[in-house]
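For clarity, chains are labelled A, B, C and D in written order, and residue numbers in each chain start from 1.
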Amino acid sequence: MNPLIAQIAAHSPGLRDWLALTSVIFSIGLYGLLTRRNAVGILMAVELMLNSAAMNFVIFNRFCLPARMDGSVMAIFVIAVAAAEVVVGMAIFVALYRYRGTVDVNQMNTMQDPVISIEGPGDFNREVMKNINKQYKSRHDH
Amino acid sequence: MTATSLTYFAIAAAQGAFKNVTVSERTAQAFADGSWILAIVYIVVALGGLAALVTLSGLVLIYVERKLAAHFQCRLGPMRVGWHGIFQTVADAVKLLLKEDVIPEKADKAMHLLAPFLSMMATVMVLGVLPYSPILQITDINIGVLFVTAVSGFGVMGILLGGWSSNNKWSMVGAMRAGAQIISYEISATLALLVVVLFSGSLSLAEIVQSQDAGWWIWRANGVGFVSFIIFVIAVTAEINRTPFDIPEGESELAAGFHTEYSGLRFSFFFLAEFINMFVVSGMTATLFLGGWMPFHIGAWAGFNGFMDLIPPVLWFTGKTSVVIFLIMWFRWTFPRLRVDQLMYLEWKVLLPIGFVNLFAAAVVVLYNLYPFPILVP
Amino acid sequence: MIASAIYTVLFYAIAAGTILLALAVVNTRKLLRAAVALMGALSTTAGLYAMLDAQFLAGVQVLVYVGGIVVLIVFAIMLTRSGELLEDNPTLKRKLVGAVISIGFLVSSVGAVWGSPFAIASAGKAPANDALMIGKALLDYGPGGFVVPFEVISLLLLAAMLGGIVIARKTPPTGQPFTSGGDLPGEAEVYHPLSQRDDETGGRAS
Amino acid sequence: MGRVDFNDVKHETRTFAGVTVPVSVVPRFKRQAYPTRFLFSLKSLVDGMRLTFGYLVRPSTVVTRQYPENRATLKFPERYRASLKFKFDENGYQSCNGCGSCERACPNGSIILETRKGATGKNEIERYIWRMDSCVLCNACVEACSFGSLEMSHDFENAVYDRRLLVYTLNRYAGPTANVLLKEENLEAREAMMTKIDAYGGQVPMNGYALPTVAALGTPREKAATDGKGEAS
């Protein structure tokens, strides 16, 4: 047999290699979660993380309990949860966009403080912010 | 080299001719036996066969569509290139290949280039699992039906990307419509398909065909099969964006929908994908409801059955597929296009409830053995 | 031997592809390209599932993720115009913090994985028909059955569907709690719910 | 599907604000029950499919005509409009007197008339120029003509390689003007001058262009044209 082939075959991936792969994907998702500002981008990063977590179940199932399918079942649950999450997330983003004109998470701070900093560009946003500030004041005047 | 591999292939074909094995199994066997060349020959033949199937069926279907369209509308259709215009499609293909490939200036170029390939990929991947005959199937995977349903998602992505990346309002609207339409009608198609899965007890396409040994599911399933056949045909007609459900590319309102900005080779990819899709869904309909390559048998009438067995299975498959294709073309040239709201009404308020009730009825039929024929549990 | 070598090569190739696509997902400025990269990453993950002898799961992955979730995300990107409003580049500080945290997580988790012993089953053979096994496990209520989580998941999906419809609805239905008044004339012009909360005319005044 | 039955429409008179007017009372549109509507829609679908299938299986319904091959037997509908033409009687005379109604009726100025003073002192047509390149074949000129001098003909093979060639003179050369005629003493020669020259009509290059594909305005067209023009101006 060709020694190169034997060499390659000797490095057949084991449990730890698979887990390292999912860890890498998870950390990439984490990085995206921390750096993205667009809510849809954050959702995509979360999908990556969920995906790698689901793969962990399958990996453990394959290597530690090969005769059963519990890992696959758990992964199916994770996929279903991801689907539900995306549905609700998309609905929230669309509603947010309709009201605020943006899905930048840094501007989703209306519950934060009475004095609201205006970060984003655009007159629309500015108007919305002014309106909110005015109403906040008038509510406190009563 | 060529002669050797051909010889190998001939021997292997002779050996495996009457065994019920797929090309992938034969490749694996050859691989295990250590005959690399044979395995490679199998792979090349499979890929070449797929390419030939795509090209040939595309050419033939486009010609047939044009001829049928013409005669449905009291016209003659192409008559100039060759006898009765038989080479018209070839001429068109050559024209499309020679055309300049225009990419709009403000388009997202990478996505614009990628979209037709996604569309095409979704179609060709299904061709690999269709059982054309007991010995002619590229690969039979365990989850065949699931696979077929799954890869259609790539088609949706191709259309969405194509529409979005063209940076054109019509394309965008067409793509959004197509996406909404396809993912809506996929539900009904899946519900109809689950009925067959319930009856045959398997997700593998080859086993579904085998389970129709005693009769095709369209009538052997006590009416449930017929209803799901009708639902499936309607839903897949909508899924491949053909009239009366062609609002994604409604010429009268959206120029050409998602492929407005495409030209030349890439347009021909979209165009070809549309026609191969028609072949694919018709083949799926034939496989699921009309018995795939199974010959037509009547009870225990041995003479008739023997005569029917003389016709090769490939011809049975092709014939059944052609019937469904004809049906879909007939729909196209008869019915007017639906509006968007009518389309959604049809899916969510008509097909979906009927599909659910039908699935429930099928479950009852299977659970209480309400049908007279035995089913083969693999 | 050869099969094992091919398996190894495939694993590393697909893993590299997945990692590259995942990097593209978090680093591309154009969100729609990120969505396409996400589709690629999830498809290659399906390939990895197939390599782990979970064919059914691979099919489900492609069906749900590519056919459903990515399409939904693309719709979300188009509806919120996130593709056109190019996301501004994260600041260097943000990038550094993100990189430090994620690399820290990576190092610690890989270290933990490498350091801990696992009960690896040596003679394991995956069941031939995994779809059958999964179906039985999902609907089994004995030990090792998952029927309760299955039902809970279906409830969750139903709730998510209804919630999605209610949240994304254009005009809120009349008389429902947590809504701003109902299908009144002029409701469409109201662009912020707060602007009419103190308004006694129910949104009719401008 | 619900339908309005026109037998149920009542015709009566009603008084609105003191004015009595005849009205038609149409019964209210009634939606039929769901199963009826469902079956009706199915029936309409099947009807449509039967119709198109009938077209498919009966070749006699085909209406396509394969043009170059059946050129000899081409048949046109009566009112098919392909190009504008002058009506000539059996002696080759036209009834046009150059009144200019057609020129005024033309929506886009595709008709240009050149008239001159005739032998009897009345206006007569010298050149009737029709620009096919801008004509939309709307038939307004034919309808505007009080003398029935124009008609739309079925000559549709008008393709040329140069757009400038799509300018036609519709009338025939009717001889030189009266003062030219009267100078000619010889009666036979006068007769000859008054012969209708068919070649005068036909394509004329626009704006005096000399085009290689058009036969030069030579004999007898060239001569006749210059003769007439030179004296008339």
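Convention: contacts are C-beta pairs under 8 Å (C-beta built on N, C-alpha and C of every residue); 3 or more make two chains touch, one makes a residue touch a chain.
In this text the structure is predicted, and so the values were computed from the model without any measurement.
Legend note: the chain whose CA centroid lies nearest the centroid of all displayed protein CA atoms is B. Separating the centre of subunit A from that of subunit B, both taken as means of CA atoms, is a distance of 36 Å. Taking each chain's centre as the mean of its C-alpha atoms, subunit B lies 52 Å from subunit D. As a whole-number value, the distance joining the C-alpha centres of subunit A and subunit D reads 70 Å. Inter-chain centre distance (subunit C to subunit D, centres taken as mean C-alpha positions): 67 Å. Annotation for subunit A: no residues touch two or more other chains.
In subunit B, no residue reaches two or more other chains under the touch definition.
Counting partner chains per residue, subunit C shows two or more touched chains at residues 2, 56, 60, 68, 75, 130.
Taken chain by chain, the contacts run in an open path, each chain touching the next and the two ends left apart. Under the contact rule stated at the top, the pairs of chains that touch are A-C, B-C, B-D.
On the side of subunit B, the complex with subunit D involves touching residues 68, 70-76, 79, 330-331, 333-335.
Every residue of subunit C that touches subunit A in the complex is listed here, in rising order: 1-2, 4-5, 7-9, 11-12, 15, 18-19, 22-23, 25-27, 31, 34-35, 38, 41-42, 45, 48-49, 52-54, 56-57, 60-61, 64-65, 68-69, 72-73, 75-77, 79-82, 85, 87-88, 90, 94-95, 97-99, 101-103, 105-106, 109-110, 113-114, 118-121, 124-127, 130, 133-134, 137-138, 144, 146, 149, 153, 156-157, 159-161, 163-168, 170, 191-195, 197-198.
Of all residues in subunit C, only 2, 30, 32-33, 36, 39, 55-56, 58-60, 62-63, 66-68, 70-71, 74-75, 78, 83, 129-131 touch subunit B in the complex they form.
Contact residues of subunit A toward subunit C in the complex are 1, 5-6, 8-9, 11-21, 23-32, 34-41, 43-45, 47-48, 51, 55, 58-59, 61-73, 75-77, 79-99, 102-103, 128, 131-132, 135, 138-139. Only residues 31, 108, 110-111, 114, 141-143, 146-147, 149-154, 156-157, 160-161, 164-165, 172, 176, 179, 183, 186, 203 of subunit B touch subunit C when the two sit together in their complex.
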